[in-house]
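Look at the two complexes coming up: chain A is in both, with chain B in one and chain C in the other.
== the complex of A and B ==
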């Protein structure tokens, strides 16, 4: 069995902490523990939103040398994730990818692919295979 | 050589999300090329692609044909057919949540 430490990690970024946590639960229950999963959601005041700081921390929690795939919901989740990746900087930034995929389905698909030890590019491609063209 | 096996899908909701993930994960542990189909003459789908396996939406009562080609083809085909025959190791009471 592959070790979680060697597989691509998954980060879930939603405006809602409930959506983010629920998505992470689905990944853990459906795919298992071979993949590191971290989530963040909500603004620091307790409302809906995303925070660059929280996204950076989630990336740290999910980090493995194989990299991290990020699943986002709407607008700010994506732009703040891009900002978080930029602030993390190289060399790690090159091993972080934001997937253009639906957050729940994409997270499950990406984690399934990651659980088999696939590289980041394959994990992202699997999540994005779901998206309408 | 290609090894082929088949197994009846008995899972209440068919080869749905959670069973698909289990099936694909197991398929990925083998080196052989593995394909599945719901009819012996295909179309054959890459069993290691979670997106394609889930998109098949194999219903309960369908027969799943599994074929493997490679060094571990015999082991791969039997292990995957056995997983289906064991109803993906899920209790019936969990089936509704899959």
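== the complex of A and C ==
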């Protein structure tokens, strides 16, 4: 078990795999391997879009018992992430939160908060402070 | 018509209408969205059609749930969960041998589930602007032909509406003057499957 196993994990879901991977790079620069970070981007045919299956797999990769915070870009990423969380079902679904925050800034802020061992609610709140009310 | 025949015909009819109109749907979406509605739906309904034989072996409710799940997993845009939720809820709510009233009731619940999934409501220039009038028409006992006309009229009626949900809402006033692609695709699907459901 690495140190990351106790901290909230971060999942980045973008329509573009380049955006998702680049965001993950920026997160890693900040938190190294103290936080599990997984990303996905692109629709099931490889075009711009999101895939429920890929999101479920990313959640698995980032999973820790402290839960997972998901950062999304545009509408379909959010809807498909909600669908993925529902399909994962309880008890894990209750420990997965989708943040209402800008994807890049939100991911970096959430991961930084997570790296200090903060609970999921605090990680989400930190990311969402970036959103206009 | 046996249930297996009905399922087979519904699947092939839906796939055919989406395939035939995929370019048109994509053009509508290019005007006020991200331009993938036609290709996304085509990928989803092609995937459903590729499993038509397995679907036809299931009870109709289970077949609807499986088809909806296939759309969720293959469409790749928000329309995957939206169309998928419609079919999965219909499948869950339909009894084993639904009559007209049971179908109308299940359809109404499915439309509400789509609204919840999309955190949206009627009047925001989305597929709901077609689904709600169709649901009302079903409850009122309208014929398939009447329902198809209501669906087409409801899709046309999205043209002057300013979008307040979905990517078209980013355009604000500039979304006015374009038909909502989701409203159009739903109206096409309803018009195509209505005669099949009536046994024609």
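Basically, the second predicted complex is superposed on the first by the 131 of 133 C-alpha atoms of A that agree within 3 Å, B and C clash if a C-alpha of one lies under 4 Å from a C-alpha of the other, contacts with A are read in each partner's own complex, and residues count from 1 in each chain.
Quick note on the criterion: a contact is a pair of C-beta atoms (placed from the backbone, for glycine too) under 8 Å apart; a residue touches a chain by one contact, two chains touch by 3 or more.
Note that the structure is a prediction, hence the values are computed from the model and not measured.
> So if we stack both complexes on chain A, do chain B and chain C clash, or do they fit?
Fit: chain B and chain C sit side by side once superposed on chain A.
> Quick one: the Cα-centre angle at chain A between chain B and chain C, nearest 10 degrees, please.
Roughly 150 degrees separate the directions to chain B and chain C.
> Quick check for you: in the superposed arrangement, does A:49 touch first (chain B), second (chain C), both or neither?
So A:49 only meets chain C here.
> Touch check for A:91: first (chain B), second (chain C), both, or neither?
In the superposition, A:91 contacts neither chain B nor chain C.
> Which one hits more chain A residues, chain B or chain C?
Between chain B and chain C, C touches the greater number of residues in chain A.
> Given the touch rule stated above, what does A:79 touch, chain B (first), chain C (second), both, or neither?
The second partner, chain C, only.
> For the overlay built on chain A, what is the smallest gap between any CA atom of chain B and any CA atom of chain C, in Å?
It comes out at 27 Å between the closest C-alpha atoms.
> So chain A touches chain B in one structure and chain C in the other; where do those two contact lists coincide?
Chain A residues touching both partners: none found.
> Would you pull the chain A residues touching chain B in the complex into a rising list?
29-32, 108-109, 112-113, 115-116, 126, 129-130
> How about chain C: which of its residues touch chain A in the complex?
34, 36, 39-40, 43, 72-82, 84, 117-118, 166-167
> Within the complex, which stretch of chain A touches chain C?
15, 43-45, 47-53, 74-76, 79-80, 82-83, 87
> In the complex formed with chain A, which residues of chain B make contact?
For this pair, the touching residues of chain B are 17-18, 21, 24-25, 28-29, 48-51, 54.
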